[in-house]
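These are the structures, in structure tokens.
One chain, chain A, links the two complexes that follow: it is found with chain B in the first and with chain C in the second.
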Partner chain A sequence: MSLQEEIRQFIVDTFLFGEDGGLRDDSSFLQEGIVDSTGILQLVSFLQERYLISIEDAELIPDNLDSIGKVATFVRSKQAAPGTGQATAQALVPEPA
Partner chain B sequence: MNGSTPFSRHLLHLNPELEADRICRRIRELMLSQVKRRGLVVGLSGGIDSSVTAALAARALGPERVLGLEMPERHSAEESLRLSSSVARTLGIPTVREEISATLESVGFYRKYEDAVRQVVPEYASGWKSKIVTSGITASASITAFSIVVQAPDGAQLKMRLPFKPYLEIVAATNFKQRIRKMLEYYHADRLHYAVAGTPNRLEYDQGFFVKLGDGAADLKPIAHLYKTQVYQVAEYLGIPEEVRSRRPTTDTYSLAQGQDEFYFALPFDQMDLCLFGKNHEVAAREVAAALGLTEQQVELVYRDIDVKRATTRYLHLPPLLVDRVEWQEE
Partner chain C sequence: MGERSVHHLLENSARLHPQRTALIHDSERVSYGRLNQEANCLASFLRQQGVTAGERVALLLENSLCYVVSYYGILKAGAVAVPLNPELKAEGLGELLRDLEPRMVIVSRKAEHALRESDPDRLGISLVLVQDPALAWSGGHARILPWEDALEQGGTEDPGQCGSPDRLASIIYTSGSTGKPKGVMLSHRNIVANTDSIVAYLGLTEQDIQMVVLPFFYVMGKSLLNTHVAVGGTVVLNNNFAYPASVIAQMASERVTGFSGVPATYAYLLHRSPLAAFRDRLSELRYCTQAGGHMSRQIKEQLIEALPPHTRLFVMYGATEAAARLSYVEPERLREKMESIGRPIPGVTIRVVDDQGREVARGESGELVASGANIMQGYWRDREATARALDHNGYHTGDLGYQDADGYLYVTGRKDDLLKVGGHRIDPQEIEDALMASGLLLEVAVLGVQDELLGKRLVALAVPLDPATTAGTLLAGCLDRLPRHKLPGEVRFVQALPKYPSSKVDRPGCLALFHSPGADAGSERPAPPQPGTSGEEVRP
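And then the complex of A and B:
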């Protein structure tokens, strides 16, 4: 199964009860109400675990995640780039008491 | 807006006396015509919304027909009880205090919560504090992500983005708080033959910032039509103590202090109010941006976020859905 087909399968199984309903590779998840904002979190967790990539906050944008085609392109670019791995913790300055 | 009415914060100004009178008349009408109970229970948090709701209920029905319910737990802010007591004294309403930590313990809340946090911060334990924060949508054209901020006993803080599973588990556990509080509100309402007043303001009601069958449950919601800015105007008119009116709005839900704009809303409430008002009245993002000192793109992002939240929280407002209409029901 190709990367694109795997992502389609995940979307259809997870968010559409297994019914593809004419979902195109360029259908907007958010605008067409296919995936809501919590669903995007689920998609991101799937991508990180399935493809062993780390997705940073700045990469959580519709251009990367809002359609099957965009997700596939994004995952390919992450796999090709060095430095994939687990998300890192960010130390904060303590709040005043 | 047309040229003679520039878009500004003044558009949210109301006559608090007229508005309070109108709401009180409506509370009495609804209680007499539909609710048919003898008084109202209001959960008091020490925040502005519950204080104004209690004040309006007391004004509409008489203070002796309003019960203020204080329901602290071990993560509640220290000042919450002091402020809610001050409001009750000011209004002259009776109160009952129900400490809910033992109930939360018995349903496994604290353990479930800590187990969920430990999925991302393995060293998290009793004595640590935490809260959820959002990435904020106006920093970039990002999709909202949630992070957990934890504070160790020595004060050191750490922030980690939450994966899907622990995020849902933390929110699900935390919702116990609102649901247990609502259960107690209805217990006292039933024993007194009262109804329950909900306390959402317009921002919260419109944007789905409530827990279904938790703080979202009520028999009437007297201030759900008021922008938060307007709630403050009515609060001043009703004589709500200044300390309550000047308190930063918090969720008072997590062990670390959490502003509503950290967790849910894209902007502080006064800016969110104007964006919501602008969107409701089809004001161009450019005009709203000029009034708020934001960029047009930022306001467009907030407009889009308002639509997204309306769509994704619509089910919170729905009654249970039936396959077929049952004939005796009203349209």
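And then the complex of A and C:
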């Protein structure tokens, strides 16, 4: 199973009770009401344990986690540079002016 | 001044500062002039449609410009604004709508499906306005119109209509601690009086910029909107609190001056967000407010440490039935009165009474009963519940507590939550506080489960900060804080406590989760939480 498919499987099993209901790879978890804030933390726990990556608080942003596609891209970027923490993640919280 | 209606707050600010930014949502910035004009358009459309004074218009909208325009537009038309949770499922929504009998519903894409499933035709709804419709509707009785079309059809002038300030302005459903949701009826006077008091004690001005992560469909979110509109300030809407880092970043970039949350909001900000890293960048953050239930001393102390030194923390107390607020602790006295809910806000009186309604002496325990111009008119179509909550003394909060020698009030628990364990009357809040004081937990609920020997036995459902925490370590840390009979006999670790959409802990949901096979007794790995009972959402 590809990374994308594994993540889809987790989302469908955990939050949609097995019914994928037209879930697309770019469906926004929050806007579609699929995952709420507790769910995001469940997703983060799953990603950390399944892919042995460490996700920092500053990385809890929609750009990293709000759709299957974004999660897959995020996990790949973390895996590409293991052990270097948040500096490797995409779309970090921008530095305020 | 006493004759103002809620929408006059908006009209006044639009007159004084038409160019000022009233609302920021994502990339959209909306001035007071535009906001008021759009609300006028909707009001005029509603009147064209024959919506009359006192008729209910339900809102199924997340926080957005559409919500704010609809809320004030409905009030300008003389109708009653009834915000509902847009995440309600068709069954629960249908029940509420049958109770409410609204003339009209305004719905966003998120709630469109549930509304269609609940069959508005059969509920006697004559018009549905859909923001950004995604579904094909085939209304029989109900007309379905895109929201944008309605705005185009109305006029932009202030309606100028003025009725009695005691007419109904809004019904807000509250989940309460048990049973079915009750519709709290708030008049224009209730809401305006409470808005004035909050503006006064927080010292709000047109310079204030509030980050809003709490939903407007509950009373605390609603009061954030009304108070900032009243002073000509700005509200920044961010519906992504599930991703707290993005909220903190926006607080810095928009230079917000105020933030408001419930205990769960702050627990998540402290433990799952880069608040500490942003501390130096929140240069304008003048204050934070907390209401929506008891927050442990542990979290308050951590929050004071984590927030920038110039940020004042207001701990407050209120109820939907009070239009929002009843009391607050001045930040300067917070360390000294850490466990207190403070003193009544201007215009509110709170007394501590016994079962016969007699005021008790200072230091003695009783029920908190509040009176003032902000106290609701009653519960929608529920005389029995109204009679239980309101009497000549005022509003019976159901909270037990006492007043200290300085007049500061303390809530020790809920009348409904008291547990009888082996002959002792036990208040779960005291035990929850002791468990939180261990510093090992994000949140905890202490519950009573049926026990043949004791009647009830104490158990705790806990969310550990570190998954390696064991029940033994946690309870050992409480031995010097609690007598033996107050130590929970069992601790189960979960990832989150079930909550109502208001973010208050859903105790029946906690009990159901405790009994579910998913939660392991004292396990070292937290089990995933199940959603709470009766379709309630689980969220911070």
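Keep this in mind: the second predicted complex is superposed on the first by the 82 of 97 C-alpha atoms of A that agree within 3 Å, B and C clash if a C-alpha of one lies under 4 Å from a C-alpha of the other, contacts with A are read in each partner's own complex, and residues count from 1 in each chain.
Criterion: a residue touches a chain if its C-beta (ideal position, glycine included) is under 8 Å from a C-beta of that chain, and two chains touch if they have at least 3 such contacts.
This one's a predicted model, so the numbers in the text were calculated from it and none came from an experiment.
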*asked:* One more residue to check, A:48. First (chain B), second (chain C), both or neither?
replied: first
*asked:* Contacts for A:6 in the overlay, against chain B (first) and chain C (second): which applies, first, second, both or neither?
replied: neither
*Which superposed partner A:14 touches (first chain B, second chain C, both, neither)*: second
*asked:* Tell me the contact category for A:37 with respect to chain B and chain C: first, second, both or neither.
replied: both
*Residues on chain A in contact with chain B in one complex and with chain C in the other?*
30, 33, 36-38, 40-42, 45, 57-58, 60-62, 65, 93-94
*If you look only at chain B, which of its residues touch chain A in the complex?*
121, 135, 140-146, 149, 151, 155-165, 167-168, 256-257, 308, 311-312
*Using the touch rule from the top, collect the residues of chain A that touch chain B in their complex.*
30, 33, 36-38, 40-42, 44-45, 48, 57-58, 60-62, 65, 87, 89-95
*State the interface residues of chain C toward chain A in the complex, per the touch definition above.*
87, 110, 239-246, 248-249, 252-253, 268, 272-274, 277-278, 281, 495-496, 528-529, 537-540
*Please give the residue numbers of chain A that touch chain C in the complex, ascending.*
14, 30-33, 35-42, 45, 56-62, 65-66, 93-94, 96-97
